[in-house]
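As written, the chain order gives the labels A, B and C, with residue 1 at the start of each chain.
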């Protein structure tokens, strides 16, 4: 999990920076301006840059759009970000030090695993840098919201986001209780790995009313899982972390292994975008909701699968 | 007074023994996994496709075993052929950069979306083939001009490094979040969790390459005494060169495309078997193909038996065994070949 | 089209080169080479370093492309033969020949039978006979099981010679076979050559540097200088002082012993 998230932030330096047209941006500012009218010009930071997906999602919900200079280029990727449709309207940055400096921000939100040299250089240039840790459970998610909201001087807005999250989580809990079953589910990612206790994905499964099947393989954290093990002890749901199905990779071929298809009578396959399990903030509740809905839909279907 | 040439049966003894060993090992390989099965169980489960164990045997263990066998034999055979052709006892598709070239070709096809849609198409082994052919051509071209063993190996290092860097570059451009993970696969190789689809696409190429290289036996024998002598013995050097380049590329390319770059099999196997075939480069070919299959099958069984949390990639094991052998060979070579 | 040997070719020449020219890179290495070898003669090609001796051999065998000229074997253009047919009739022992793998002597000699062997079949009785005969004739039969890489230089040259003889050729081209051998083995090699020429009617063409050996053992010599023929004929004729002077820049003295004449290089002229 750790490696994966850190990879995210150094991987895409080759991607070109997309610049949205000015007119489009103005249109968005006008549109969003009404929503965030409460934000006054006395906000502590008015030139904000994010090079971290978590911060991207939070800034989109918290900050005055006029104060956001740039978001990370991952923010507009629907396979990664839950608010990609909104991030599209902002300038994106690859996270290269030079690029950030040229934007002349007064605050930069970065990840714990952002290149330390970049961070050091930003700090030396007099820019405030906020390092966001990787969320490994729901409490981490809450802390992250508070941290970003606090920095922006928007504690109240932050608390309302958390309240909304908690409400969604407890609703899922009671719905699960009403249903009375907790089916088993196993996360399965490209290249044949799964995520156990100690990862955010584990807590998403639990919140979605599912039992993480990884525990039955004694797996904690991120670990490879041979297909044969999976085959001989299949979960009720195989949760595939999808990532660009139209860009085949070697690992994605494993997800299409005929052995898995042959098992379709014994196990259901659902998929969620990979990135949704990597970023942990208030929106994580929505990921759990998404998963709950998907699995519940299948569970309420009458069993008509072929043997 | 009976020389080896008077004994017709002796020629078949080594391949026969190796073949039996390969069959037995393949059977053992089918028995090994999360759950250990007896050979009788294996045969029973093969026909039961609606039980998880049956699916595991039919869709996982069988392709895995077959792939280890095919890839191993391709690597062994190409190693023997390359050592014979370059007249270099250190030649091996991995050391000469042919594996890396194949990986680059496969990666290019795979990640640039060059092949439409999704799934494992014929394009990936074909890409591997093209990459391998290019690398083999460079090496063969060089081998014809530079007689020095060291120079050839250094050229292989250069080809490897270049192809490896380009592979990383391609993976960097790809939108995959798993780039780093996949680079490791291409570097180390594995036959775990492959499917019949992989075998279906790779086998036709491999089979053609296999036959092509096996026809080179006489040429390699003649080449023992140098190119001029070989030519004076009626061997067409151009035909031999192209058969070998194409043949090795057709084996190593698709093998790497489906199993990643598995090193040292082609280096180790011919050396171990050479005394058994009386150092005859032609007889070494079939023997090395069988020996390569045997080695990779055992290596793949071993990675499944090792009591480690995460299953090792089989390429890690062959490298762990092969690299010390390589060192030993370098030391021994000074005495034996120079 | 079958060409009658007697009609198409004057004389009894086994192998003939007419007007051969070879260019390597930019350099004209051989120019207008005419030479003919008759059946049953021991023929020497001599000349200073870089005079084109080895290139001449490789050109004759078709290992190098010719700019000009024709080559005839047994009266027919050499192109009319398949490589395999030629390989059965003409053997070539290249300079510094060596065997890479530690194969047994017997196996190395058997490589000489390759032009007769099929791709998959083993050697037939006739092949084994030829190999045995070749080994006997150069006195290496006792070494047959030894790895060829463990032999002394003299033994190795004889083994490789046996390999060249194993195809029962009518013509053998040997490029500096005696270099690297001590006087004892040099003499032994020359005697072997002479014996094969006399007893089997074979034609052997040898490139060599040693003028003493050249003058004593060879029926005819060809002296090359700078890619051209200076002289061709009997040893006395070729090894005349003016020829040696222009080709090597040396003066040589002739010595006679037991009715045989040998030329010994004596002093440099330039």
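Keep this in mind: a contact is a pair of C-beta atoms (placed from the backbone, for glycine too) under 8 Å apart; a residue touches a chain by one contact, two chains touch by 3 or more.
Predicted, not measured: the structure shown is a model, and the values here were computed from it.
Touching chain B and chain C at once is no chain at all. Among the chains in view, B has its Cα centre nearest the centre of the complete protein Cα set.
Rounded to a whole number, the gap between the C-alpha centres of chain B and chain C is 42 angstrom.
One simple way to say how far apart two chains are is to compare their mean CA positions; for chain A and chain B this gives 41 Å. Between the CA-based centres of chain A and chain C the separation comes to 80 Å, rounded to the whole angstrom. Multi-chain contact residues of chain C (touching two or more other chains): none found.
Note for the complex: chain A touches chain B at residues 3-4, 7-8, 11, 13-14, 80, 189-192, 223-224, 226-229, 231-234, 243-254, 256-259, 262-263, 265-266, 274-275, 307.
Contact residues on chain B toward chain C in their complex (touch as defined above): 3-6, 8, 11, 87, 215, 217-218, 221-222, 224-226, 228-229, 231-236, 274, 278-281, 336-337. Residues of chain B touching chain A in their complex: 33-35, 49-50, 52-53, 55-56, 59-61, 110-111, 113, 115, 118-120, 172-182, 185-186, 192-193, 195-197, 309-311. Across the complex, chain B is touched by residues 58, 61, 63, 82-88, 90-94, 97-104, 106-108, 110-112, 114-115, 117, 119, 122-123, 127-128, 131, 144-145, 147, 149, 160, 163, 167 of chain C.
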